[in-house]
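Naming follows writing order (A, B and C), and every chain is counted from residue 1.
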Amino acid sequence: MLAVETHNISRTFVKKKKVKVALENINLKIDHGSFYGLLGPNGAGKTTLIKILSTLLLPTSGKAEVLGFNIADETNEIRWRMSLVSGGEFSGYGLLTVEEQLWMFALFNGMKSKNAKNKIDELLEIVGLEESRKTELAELSTGMRQKMNLVRGLMTDPEILFLDEPTLGLDVEIARDVRDYLKRWIKTGESKRTVLLTTHYMQEAEELCEKIGIINDGNLIIEGSSDEIKKGSTYSSKYIVDTASQYDIKSEYESFELNNISNNKYEILILNKEDENELYNSIRFNKKITKFEIVTPTLEDAFMSLTGRELN
Amino acid sequence: MAIRNNNIANGIKSSALLGWRIETNWANIFIVFLVKCSKPFSVALLLSAMYMITSGPEATIYDLSWAIIGVCLWGFIQSATELYSYAIVGEREWFRNIKNIITAPTPLHVYLLGRTSLWVPVGLLNFIVILSISNYSLNLGLDINSIEKVKMVLFLLLGFIPVVSLGMFVAGISLVIPRFSEGVAFGVTGVLYLISGSIIKTNMLPTILKNISEALPFTHWIEIIRYTMFPYFRINPAPYSEFFITSIIFCLVTNYLYFYLLNYARKSGKIDLASMY
Amino acid sequence: MILSHAFRTIIARAYPRIIASFRHPSWFLFEVSLPLLSIVTFVYVLRLFDSPSQFESYAVIGGCMLPVWFNVVFAMALQLRWEKDSGNIEIFMTSPAQITWILLGMMVGGGFQTILMSGTVLFIATYMFEIKFLWSNWHQALIVFIPCVMSLYSIGMAMSSVFLKAGRAFEYYLGLTEEPVQFFTGSYFPIFSQNIVLAIFGSLIPLTLGIDGLRQVLVEGEYFTLLNWRYEALIMVIYWFIALKFAKFSLEWMEKLAREKGTLTLRWQ
């Protein structure tokens, strides 16, 4: 079964005669039980797509189904089965404590009070917010707030979890905790769980997602696993070399693409896989090269090759 | 030092432009001023209706004139306190920008001075429109030739100084009160409405309120303007010295309180504490 | 199951408002002192105009009821705006709870605060101006008061959907209605005795009927009115249900429109 299926989804925004095309003919298929990542720079259309799938927005054209339900007509069926957590969220009421906040949103989602309280106890313990349960929201740090938001999203045990840049603004440790928890969460549970994550952090996408879609300027450029996407990079691998001073490396390797990184440090890109052995042998025995390192393309490299821009 | 002076001038200019844009960007300028001027105008209408419906045999048209001038001037106070309070509330609760303003080199009071400057044209418009329409429709007895124009303009402008100080004080309170800072403007305006002699004669108030009223510069300010506008009210001398003395004391006290409250807000972490429910 | 979900949603949303009453008790000071100030001001204005003394009783009742209008209507209508700016509305809309239930919860929570506040203001103003009300008619007063408050809240719910469409400008237009409401509802003087056209127009706002009904049952002496308080209470009950129905319809329609245009989730629109 597919968790998400879209057919030529497009979305335009019109304000004072200015038309902004946020999404254009997006065709997406996400298997139920998978962790799917949507990668793209700011303004690519990731949040717009998530808002359409989470029933906050209607598409201008096209169709979409979430867990087999139409997003336009069967909105409530989807809402019973989904959760949305956004990064940088300041939702809630400052005077309520963490547990009161979570209890309130759990009741909105149809949970019984007693079940909600049990779930709160369980999840607060897991994410490390147990000590802050009686803290008012206004006094929480950004990281703790985001953890609380994540708990809110998980309270109802959704079949599909939409995460819109959930680690935005979080410090390294808390971001890691969030990612670790998500990895465990998707594997446990009585029924299948799907996560659709939008992010512009490459490492996060690589670490969490089985499948990644790259979106840019409202278009879905490529989909696949991390390794498949990396093949889209212009180079198959590269060498980072340190050279002896006053060594003219360019004249010796002029047939390769060479970039000067810093003083006596260069990167040599291998555009064709067939050249790898030749270059390796040459570098290995070159006494003017004091140190070298082989680097395989990252997602960011692939992204730049595919879109011509950096992921900022 | 040159940079500081530049910051103050630039600060006032850019905050005035910002204030203008924020207060006027939601509709065309005519509608904006209509809404801004509506409250005092509506109060004047309400008073006029009350006078016509409820007045007893001892009431005269000069009672209504007396009250309407008070409403016109109260319009300045209401507009200023509202803008000062909303500047703080808006930046903290809606735009979430207050920490950027506080940490900018331009002092907050300079920013507020520019940001809230719209109260002056709004107040002036109220003053002119309400008086003109009321005089025409209700025959209040106002004669342009009998107005002591120079004195009126001079004291009108001098009265702006305690109004600005009041605004600063209201802004200070707004910084330290979560959630109900929006009510501060209403509270202050309401209290002043009652005890500044704007629509209620101070001799009708209980003694303690009467004494507080006499200590406020606004009470004497409004009396002076009435004195300059209507010969009918020139029975007693105008309270010029009372106005100057109370203004100086009032401005010193309110400005001190403003800085104290700002400091308190910093120490207690309330500056960017958004709290609505 | 729908009923139990609705009930849970209402309780959950009422909770922050009720708990705020105890956690931030300073609200009480403001919510009581501001209406009290207005009442005191207008009573003195009546004295300035040498008005008959029973007008002071009328002004006290009107002054206690006016804040109900402002709290309910403004708080209900503007609350959704704040919910939008803080991102809560996204969470409401993505939950299976209907937005109507959430507003009903605000109504219940706000109603608790309103009744507490109005009662306190009435008590203090009565004491201050030594007014003798017919307290033996308290049950009749409740029959008028409760439908009045509920119908006003329902109007607030209906207006909240207009806000979703209109955005920030609506807040200013709402502010324009403050004094006209004071006039047409006869808050500080009896409107029904003046002009039948004005009276009928004023009766479109349930507050007018509520104030008039309370004056009939609580104020001693002769009081001219066009409608008996029982009929006024009945009309307000009808208003209540009509407004609720309209609120549900308009909220659903507005949500659909907001999803189409994208204004629901855009802040500062």
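Note that in this section contacts are C-beta pairs under 8 Å (C-beta built on N, C-alpha and C of every residue); 3 or more make two chains touch, one makes a residue touch a chain.
On a predicted model such as this, the values are computed, not experimentally measured, just so you know.
Using the contact threshold fixed earlier, the set of chains in contact with both chain A and chain B is C.
Comparing mean CA positions across the assembly, the chain most remote from chain C is A. When the interfaces A-C and B-C are ranked by C-beta pairs in contact, the top one is B-C. Rounded to whole angstrom units, the spacing between the C-alpha centres of chain A and chain B is 52.
Measuring from the averaged C-alpha position of chain A to that of chain C gives a distance of 46 Å.
Inter-chain spacing, taken between the CA centroids of chain B and chain C, is 28 Å. Shared interface positions of chain B, defined as residues touching 2 or more other chains, are 178-179, 274, 276-277.
The multi-chain contact residues of chain A, meaning those touching 2 or more other chains, are 90, 93, 95-96. Multi-chain contact residues of chain C (touching two or more other chains) are listed as 16, 20, 24, 86. Residues 11, 13, 51, 54-58, 76, 79-80, 82-84, 86, 89-93, 95-96, 100, 103-105, 107-113, 152 of chain A touch chain C in their complex. On the side of chain B, the complex with chain C involves touching residues 26-27, 32, 34-35, 38-39, 42-43, 45-47, 49-51, 53-59, 63-64, 67, 93-94, 177-180, 183, 186-187, 190-191, 193-194, 199-201, 204-205, 274, 276-277. Across the complex, chain C meets chain A through its residues 5, 8-9, 11-13, 15-16, 19-20, 23-24, 86-88, 90-97, 102, 259-260, 262, 264-265.
Those residues of chain C lying in contact with chain B across their complex are 16-17, 20, 24, 26-27, 30-31, 33-34, 37-38, 40-42, 44-52, 55, 82, 85-86, 167-169, 172-173, 175-176, 178-180, 182-183, 188-189, 194, 268.
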